[in-house]
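A, B, C and D are the chain letters, set down in written order, and residue numbers restart from 1 in every chain.
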Amino acid sequence: MIAVLKPGVTDRQIESLKQWLEGQNLDVHVSKGKYQTVIGLIGDTDKVDAELLESLEMVESVKRITEPFKSANRKFHPDDTVIKIGNTEIGGDALTVIAGPCSIESEEQLTEIARKVKNSGATVLRGGAFKPRTSPYDFQGLKGEGIRILLEAKKATGLPVVTEIMNVNHIDLFSEVDILQVGARNMQNFELLKELGRCGKPILLKRGMAATLKELLMSAEYIMAGGNNNIILCERGIRSFDSYTRNVLDLSAVPVLKELTHLPVIVDPSHATGISRLVEPMAVAAVACGASGVMIEVHNNPSCALCDGAQSVTPEQFDKIAEKMRKVKEALK
Amino acid sequence: MIAVLKPGVTDRQIESLKQWLEGQNLDVHVSKGKYQTVIGLIGDTDKVDAELLESLEMVESVKRITEPFKSANRKFHPDDTVIKIGNTEIGGDALTVIAGPCSIESEEQLTEIARKVKNSGATVLRGGAFKPRTSPYDFQGLKGEGIRILLEAKKATGLPVVTEIMNVNHIDLFSEVDILQVGARNMQNFELLKELGRCGKPILLKRGMAATLKELLMSAEYIMAGGNNNIILCERGIRSFDSYTRNVLDLSAVPVLKELTHLPVIVDPSHATGISRLVEPMAVAAVACGASGVMIEVHNNPSCALCDGAQSVTPEQFDKIAEKMRKVKEALK
Amino acid sequence: MIAVLKPGVTDRQIESLKQWLEGQNLDVHVSKGKYQTVIGLIGDTDKVDAELLESLEMVESVKRITEPFKSANRKFHPDDTVIKIGNTEIGGDALTVIAGPCSIESEEQLTEIARKVKNSGATVLRGGAFKPRTSPYDFQGLKGEGIRILLEAKKATGLPVVTEIMNVNHIDLFSEVDILQVGARNMQNFELLKELGRCGKPILLKRGMAATLKELLMSAEYIMAGGNNNIILCERGIRSFDSYTRNVLDLSAVPVLKELTHLPVIVDPSHATGISRLVEPMAVAAVACGASGVMIEVHNNPSCALCDGAQSVTPEQFDKIAEKMRKVKEALK
Amino acid sequence: MIAVLKPGVTDRQIESLKQWLEGQNLDVHVSKGKYQTVIGLIGDTDKVDAELLESLEMVESVKRITEPFKSANRKFHPDDTVIKIGNTEIGGDALTVIAGPCSIESEEQLTEIARKVKNSGATVLRGGAFKPRTSPYDFQGLKGEGIRILLEAKKATGLPVVTEIMNVNHIDLFSEVDILQVGARNMQNFELLKELGRCGKPILLKRGMAATLKELLMSAEYIMAGGNNNIILCERGIRSFDSYTRNVLDLSAVPVLKELTHLPVIVDPSHATGISRLVEPMAVAAVACGASGVMIEVHNNPSCALCDGAQSVTPEQFDKIAEKMRKVKEALK
């Protein structure tokens, strides 16, 4: 970590700053330039509050040299993390295709969709039981009953299942669920993240609507700090100024994250765009730029989906999308 | 609610859409224009999923005429909500001044600051016991012990106190706290909001970093739907592209929210800017544009604050700020 | 166009509004709902100032039904625009690959790069002669001499050339240039756009850093209104909150624009990301989501590029990128 | 300027980098830390392309210590710039109130508004002759005739006048105009800025919709590099995700800019919010946080304004706003 001091700082000031920093168990290197003095800090600088340091009267600016995330950092774990669920692998060279309806509506609905997406090559079944909705008056999901239905579909198809958890107290309900999803709105619900760090299950962590990639990695770090390293990161669109699509799908996050971390990175084109017509091109593009997989909303009757029908594709459309993704993956081998 | 149909939609299509909508207990008015047909929906349109409707092949676009928030809506509750805590009033003509350290560090620290800010005119004491930090390795607050200290300072000064709650399971710890704060990162932690709807206590609800004003109001609606109408909204800066200040303080949110809702609206210039030098001008500006109050971080030794010292002001600086806010409030009477 | 009136508007008010609108040669349809009245406007509503209408005391909100862009609108011109330059086609099924250095430095440099990128499959040569730089103290390009060098490289390789124009008074200098580029900072330099509408040459119009897709199309409309329909739209990244990449490449703009307009849409991954390592994955993703082409910065010695070296790839890297783009294009046929 | 090298960089690499940098006439100080090496650059680092340096294989990151703007920098010119136009002063302790219609429509209209706003305390008259409109089909202003009318109103009232220039070739038309405005869309129209650097007239430079404060200062630097130091900076709202107001008025830009530069800083609440009801609170807030002045759209019949009527206030409303601004300015003395 480097602190640049303001011009005209006195030696006495520098000395007191030096002592204060050494008091935090840091090696302090002072190098006086012609006009300005620069202080280099070596040691456990993660503990240093950069904003606080920058706020000192005598300090002009501060720069971290090392990233604050450790467990998630590829520098210290060069190999890809590969998560195994039964015979399914997520990460590495695998192409993970998560598909299913936004909300679970009934056993018939879910099992039918599950069978169809499995035939089209889906490797994981998704379905919402607890739904985070902007309005308290909107449908909130079938909750516990939804999870029961999801597990029936798992039995019927053998597909591992993923569904969203919103409340630390619901965790027992998820004991047979294969992957627990943390939604974008809860990416910095640190109490939930800590709890999930204690359960060994794979976590699908969605990027917050205005979260930087480093904040996403710090949230993964919260889970990993608890001892759970089975994390799948998911880019699902960031908030921007153009209302044409619901969010802006930030696909360059994929190669950037693959550089910064060893965790699998998938993409959710359905929520990102909010427009079913855009799911195919963006899903294929996600594979093209190196995503470990995609998460796609599929509904057998989008116009009647109890939520987010706007962005669902039909099983027939999904079949085409899955094939194109495989072709692109193949072409880039 | 209005749905504009695409050109060339057939009467049969219109009829089937009409029936589907009437099936949702809505009055449907079809008016055929020269080129396009417009459908007006009257009834409980809050239940209609606008995105779903817009996704239908035959629909070009959809527009809500009425806001989806009801309890928070000034149209239905023209008078300002005034929240009473002992002799303190929040909302209406009162100027609420919330002050205190970001984190509670010790009884001595907090009581000293509490005494000073009270003398300068603070009406509520703030102090963080549970701290949401981006990094799991940063100081997370004194937790329960912090709340004990906060309540001591309340006894010592008679100031009502506000502190942040992050976990639905902590609620009993807050039984003697006057105002529970929901942080920006939890603005859409709907499980927490529902829980707070069941407790009668005043809630200070901070705007999420990328939340629209309507989303902020919908989150308030979550709490109000549970029967708790004592909500204070807080603008604390939104995320933007210029990294000079930590966030962009969106002060026009104040007059806009006062137009849309009857709830009190306060401003937090400390977190918004992240720079203590900017707290005075932005606090004064907040009062000038009609805020019901401000929330200011005050620390007796900012350079040693365990977190967010960068944005804290000293009790002496706070004293000047408070005086200027009063002068502006007076000048605009 | 639809105007929703506020509740409680009187018939007299409605009548006066109706007359005022009819005075603008519009057919006015008034339909009174149970609670609110809706006014439909038919005719040349492009002339209506929606913001003005919305500002009227009695009007609650206004909605346009038709887009304000005409010449660029696919609704009225369903077929793709294909721009022919000699034997080169841009748009339709062609894959346009524009490559070259950010800045033209010397005849040797440019000709060498031009030969190499042509061998790798580039179809158009790019090179900056007039450079828009944030700082007046940065290198501003070789200007007229740069254009002379560019035309030499054109002669030497037969590749059509594109370069940026910044000043209406420079247009004569560009008489032998095949495609004139309008940079992101000039996307709403309307005086320049009007001038380019009068010259028949193909225009490469880059999206402004914070321009909506409709604003981009309206800027194209400025050029087309002058009679020049040979426009290539270019997505080059939008400004956002995460500083990891220079901008956020908004790839979903590609399928959206292809839906809204018949004009070719290309992508510039070099400027969007500002990081050479990200050019390959994002260029390939651009092709995967349907871009008509890409624009890539190539430099024979990036570390010495006089500007933007950070984002340049070497001719060898470009060769691999071009091959991968062709493979993906092939796979998706 | 500081460059942090990647771990494991060899001495030979460091030496070659050192030589390359010294070749750019810089003093290079190498300080080897335990894990990483840091290189300090002293001299005319404005010439160094930070992005290029950061792109080198061996470089991890680069940090500028000094701002790239010089003439506009308060560090080198501690005293406020005060611009004198006849008896009117802009900057320092003066409160500049610029008022008038968005577009000039007729001599009667403008002169009537000019008389009224002067009586209410306006110090400068504004009026648009050349209008930058998103659509080529919208009213583009009266152009030359508009300027003639503006100068008539100047004669009639003695108020100095400001109007926007969009084309380098129009400059002769502005010979009698007191202040030339550069609109947000042209903030980085560098050719126009250079031209204005050559004319001695005061320039009102509006912040671009997505421009950082440093980019705004660099654009001012373009004008100052030409020898013209009479620049007034104007915050007019930045683009963000909430469409409730047209833009987000970034008022903290005022105290930040006053810290970074000696140039006067004013605020345009009319364009920022796009809603006339918000002009009063935001104008008053602008004065409260230290703005040198405000720019307000005033129209004698907003509902008929040919453009931007939505955001205009009446002369009567303006009179109240002006009085409140004076009261707040007085209260904060």
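Criterion: a residue touches a chain if its C-beta (ideal position, glycine included) is under 8 Å from a C-beta of that chain, and two chains touch if they have at least 3 such contacts.
Keep in mind the model is a prediction, meaning the values are calculated, not measured.
K.L.:
Look at both sides of the chain B and chain C contact and report whether the same residue positions are involved, with over half shared, or different ones.
P.N.:
Same residues, largely: of all residue numbers at this interface, over half are found in both copies.
K.L.:
Where the centre means the average of the CA atoms, what chain is farthest from chain A?
P.N.:
D
K.L.:
Centroid from C-alpha atoms only, then distance chain A to chain B, rounded to Å. What do you get?
P.N.:
26
K.L.:
Where the centres are mean C-alpha positions, what is the separation of chain A from chain D, in Å?
P.N.:
39
K.L.:
Listing for chain C: what residues touch at least two other chains?
P.N.:
Within chain C, residues 210, 239-241, 243 contact more than one other chain.
K.L.:
Please name which positions on chain A make contact with chain B in the complex.
P.N.:
20, 46-47, 49, 51-52, 54-56, 68, 132-138, 166-169, 185-186, 188-191, 194, 208-210, 215, 218, 221-222, 225, 239, 274-276, 302-303, 305-311
K.L.:
Using the touch definition up top, name the residues of chain B that touch chain C in the complex.
P.N.:
The touching residues are 2, 4, 27, 29, 31, 33-36, 38, 40, 42, 60-61, 63, 65, 239-241, 243.
K.L.:
Can you list the chain B residues touching chain D in their complex?
P.N.:
The touching residues are 210, 212-214, 238, 240-245, 248-252, 254-256, 259, 272-273, 277-278, 281-282, 284-290, 324, 327-328, 330-332.
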